[in-house]
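What follows is a pair of complexes built around subunit A, which joins subunit B in one and subunit C in the other.
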Partner chain A sequence: MEFVATVVILTCTYALLAAGIVILYKAGRVVNFAHGEIAIVGGYVFYSSGMMFSGGEMSPWLAVLGAIVFSVIMGAFIYATMMRRVVGEPFYVAILVTVGIAIVLKSAIIVIWRAQHLTIDVGIAPAIRLAGGATLSYMDVASVALTIAFFIALYLFFTFTRLGVQFRGTAENPLLASQRGVNVNLVLSLAWIIAVLAATLSGVLYGGRAFLSTESVTIGLAGLTAALVGGLDSLRGAVIGAFVVALAQYLTVRLIDPVLSEALPFLILLVVMSIRPWGLFGTVEELDRV
Partner chain B sequence: MTALLEVRQLEVVYNRVATAIQGVSLEVPEGSIVALVGTNGAGKTTTMRAISGFLPSEDAEITDGEITLRGERINGRMPHQLAKAGVILVPERDKVFSTLSVQENLAFAGREGGAITIERIHGYFPLLRERGTQLAGYLSGGEKQMLAIGMALLCRPTLLLIDEMSMGLAPIVIKDLMEKLQQISRELNLTVLLVEQNAKAALSIADHGYVMESGRVVFTGKAAELMTHPDVREFYLGGAGQAENKSYRDIKQYRRKRRWWG
Partner chain C sequence: MQKKFVFRGLAAATIAACLAGFSPAQAQDAYKIGYITDLSGPLASSYTPTWEGFELYIKALNDRGGIGGKKVDVVLDDDGLKADRAVAAAKKQTERDNVLGIFGLSLSSTQGPVYAEMRKIGVPVITTFSGILDALPPAQPFSYSTGVVFEVAGDAIGELIQNIKKGGKVVGMTIDSVGGRAALAHNKKLVLAAGGQWDEVIFPVATSDFTPFAQAANEKKPDIVVGHYGSGQNLGVIPALRRSGYTGPYVVASYGVTEDTIRAAAQRAGSGDNIFYVSRYSSAFDKNPSVAEVAAAQKKYGTSKPFSSMHVTGWALGKFAEEALKKCGWPCTRDKLDKIVQTLKVDMGGLTGGPIEMVAGDGYGPTYWRLYAWNAKSNEMEPKSGWVKREAKGYK
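Let's turn to the complex of A and B:
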């Protein structure tokens, strides 16, 4: 059971990251190399917001509020001040901008949080015991539930709401969407907000199971690998890809060498790019543009 | 009849060097269908794109002239701003969202509370009701055109711009679509600017016509008069028998320049 619990939580962490990467790619053809940094900074913001007024004990509600405010502001800010200006430019320009964002955010971790190693403990964690001696904290359960809720909400949003349909249409043909009265900038801002929100949730999950630090930003690469394994334009693929990466990492730690687990996403990435560059559920045409 | 749209002395330059159209002026009266016809590269689509705000996406800009909608200058507005003002374009290509279903395409544009409802669109184009759950990418050319017009109507257009409606369609489908467009225009008192290479089809339903050549308007008049004009007949409507077995370039360019620009 411990095996199942670890893989499920790791899958949730990577699936959220991968979902954000997929949404940004679908909406604006941007491959975000700053996603790991955004996730970890989101985790730090969650922690700091929760500790802000509570004298040493974390307030989960303040933490959630802080994380949501951070996601909205950060998502809108990144699009409005940077990504909006590179719309219509060659794809590598946007990638370089995201690399710049990654550097700035990593520096922010050092400057604001002194690069300290933090574990997020919301103080509501009497463990649930599973068969085989495995334990799950309430935070783990809440995290998995939130991840499932996030994906269900995404599905409902994209399928049944007019804004969701406009979002999908804008992702396919922004010019036509614009001519049908859709404010494309608003839709793309929303894409960034959703992606940052997912990344923040992922950072909180990671900070709860492991710790937040400047080195933790490498989860972004695991998320990117998950997105590429699933197909860069498929949300369903993001979940499957996350499961593949999580399972492979767990098995590497257990059966081979824990040191290799850090390098594993790169290895999976190389194998996928060699055999099936469009991923499991991606479309060939979409990947051609990268 | 007052002009809903007025284009005065319009000049558009691509990439800051290539002048695509120059001194183009036209009027589209309220409730009428106006056809803008001409051969490939005449500047029809550029004129259309200038009106609908699409030029910046192609590194082109209006360098001179003015476009007004009900007397209000609309030069340089963004496409979504023009769409909100009622200027709705049905483009030549990529006119529907191919990854969305027919129903989703219609819902994409449909605004609540308007006189034009999805039901009414189904009334004009019953095929769209039958194909409701089908992905738009799998529709035939004619069905895509119906869907594109349906979507555009749901945006409550004041002015409907249609670029090359007949492109790639069978003559019978073109005839049906043209008649349907005329019916819609009459019933909804809708103003339409129709850009077409197929001059015969366009002029057959239009009230007024403009002929473009090499970035300029070279001929204008009532559609019925244009249909009977010997030059227009010869150049655009299948000829009056004089051009048989001869290259268009060999004869027509000289005569056209001499007669219309001279």
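Let's turn to the complex of A and C:
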């Protein structure tokens, strides 16, 4: 039971990250290498916002508000000031920009938060007691519930809203969408906002279970691996990819050697990439674009 | 015309003096020493309080009039836990700042290159933490440490945990590093020698979600779990172990772990029961005049981090530095300072179990270690053993 719970919670963290990566790829053909940094900075912002006016006690409402404001501003800012300028450039230009963003954000953790190890102590009390004495906290339960809610919201948005349909149209054929009057810049800004929001949520949930630090940004690699394994243009694949990575990491710790737990997901990635370069659920025609 | 010429001459002399980096007059005003540590990198939370403890001591010393009327100037550089930055800072401090010796330093990966570079030009280096064995007998020249060497700590912990439970199964946890593995190996040797059983869990350095590793440790059915790593890992491992259902004794090896970290970890874990701590230096909660002196200085001058045993560690290094400079006299040179440090013995009062005592060929000397227990009710550390002494011999 403990095994299942841990893998599910880890899957949720990675799925949120992978979803952001997939959304950005679908919308603008950008592979975001700064997603881990965005997630962890989002977690730091959540923490700092919550502690801002509360005299040592975290205010969850302020924290949530701070995280949402951060996601909107950061997403819009990245697109407006950086990614918009590289539209039409070779794909590797956008990738290099995201690598630059990653470096800047990691430096921000050092400069602004002095590289402190921070934990998000919201909902850490035991909520469920499992057989054998293990416990799941409210934050763990929230991880699963919020991830499910996020994916349902995404589904509803893409299926039933006008903006969601425009988003899908832009993802399918940006030129045609533009000619039909779709505000492509708005759609792409929105893609960045949603991706940053998902990453921030992931960072917050991670900070509630583990801790935030400059080393924590490596969760971005797990998210990227999940997205690549699942298929860069498939949200369903993001969830499955996240599950594969989480399961592989967990089984490596428990059955093989804990030290290899970081390396094994990349081994899986190599295997999947050599058998199905477009990922488990990706579309074949997308392959030439990466 | 002559006035103009004199003015130009003075201006040129001023510029030349500025370009030279320092003036001989400045160098003669004070003892100048260097301090390099990680103030912005991944382990800044561990190293910052140690620097602050050292800084507190030097501030108090200078307020008392310095050494024989000469102040002590400390040139501080941040290595960000990067070896190349640490070496560059050491070169800058020796070539431009003209320091007599270098104190502090961060992780073993930065210590080795700095020790080696400074050895070439004859600058004594005295570290507060030591992941490498350069200072241990037979010590390398110019290499000293007043801190924690993993091998020695592993032995001390192996001995001290017998106070918690004799025999039984001990599970050691560490990060995949040379120092961590060395600490585990020595811890294991002592546990097996005492008739206990041993198992271990080693996880990647960059781990920040410890849940599966804690579950793996718990699955080994330990009687005691010992964590050989820094603050951040303890902050993650302690709650993860408790969440996994392990409620038995957990021992924190004090490699830069502050009491505040333990309080935070205990709070996250939902209980501070059964948390122990092995330290080379006194806890911030110790009731003795020496620790009280550090606490008073912290109140007077202020620090960015809550008062902890890491401040005590830095203060002890400051005390050691003062004694070395005092014996070196005025003017002090690097060679003279090195000769003094080689056989320096400094009474530490109650900062640790005995004096810091170097002898020729041993830049570390005997060390004293103590077991503490976290009192969950008062949120304080309480001694659970006397000080045990470990000689530095036999580790190479």
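Remarks
The definition used in the following text is that the second predicted complex is superposed on the first by the 284 of 290 C-alpha atoms of A that agree within 3 Å, B and C clash if a C-alpha of one lies under 4 Å from a C-alpha of the other, contacts with A are read in each partner's own complex, and residues count from 1 in each chain.
We adopt the following convention: a residue touches a chain if its C-beta (ideal position, glycine included) is under 8 Å from a C-beta of that chain, and two chains touch if they have at least 3 such contacts.
Since this is a predicted model, take the numbers as computed values, not measurements.
By the touch criterion defined above, A:Leu10 lies against subunit C but remains apart from subunit B after alignment on the C-alpha atoms of chain A. Put subunit B and subunit C next to each other and count what each touches on subunit A; the higher total goes to C.
Of the two partner chains placed by the overlay, only subunit B lies in contact with A:Gly88; subunit C stays clear of it.
Once chain A of one complex is fitted onto chain A of the other, the partner contacts of A:Phe243 are absent, as it touches neither subunit B nor subunit C. In the superposed model, A:Ala210 makes contact with subunit C only, not with subunit B. In the superposition on chain A, A:Leu176 makes contact with subunit B only, while subunit C stays out of contact range.
Legend: residue contacts after superposition of the two complexes on their common chain; A:His117 is shown touching subunit C, with no touch to subunit B.
Of the two partner chains placed by the overlay, only subunit C lies in contact with A:Ser261; subunit B stays clear of it.
Shared contact residues on subunit A (touching subunit B in one structure, subunit C in the other): none found. If you check the complex, the residues on subunit A that touch subunit C are 2-3, 6, 9-10, 110-111, 114-117, 119, 121, 124-126, 130, 132-137, 206, 209-216, 218-219, 249-250, 253-254, 258-259, 261-262. Partner subunit A is touched in their complex by these residues of subunit B: 52, 54, 57, 78-80, 82-84, 88-89, 91, 94-100, 104-105, 107-109, 111, 151, 155. On subunit A, the positions that touch subunit B within their shared complex are 88, 162, 165-166, 168-169, 172-173, 175-184. Those residues of subunit C whose C-beta lies close enough to touch subunit A in the complex are 39-42, 44-45, 48, 80, 176, 201-213, 215-216, 219, 231-232, 235-236, 239, 242-247, 264, 267-268, 270.
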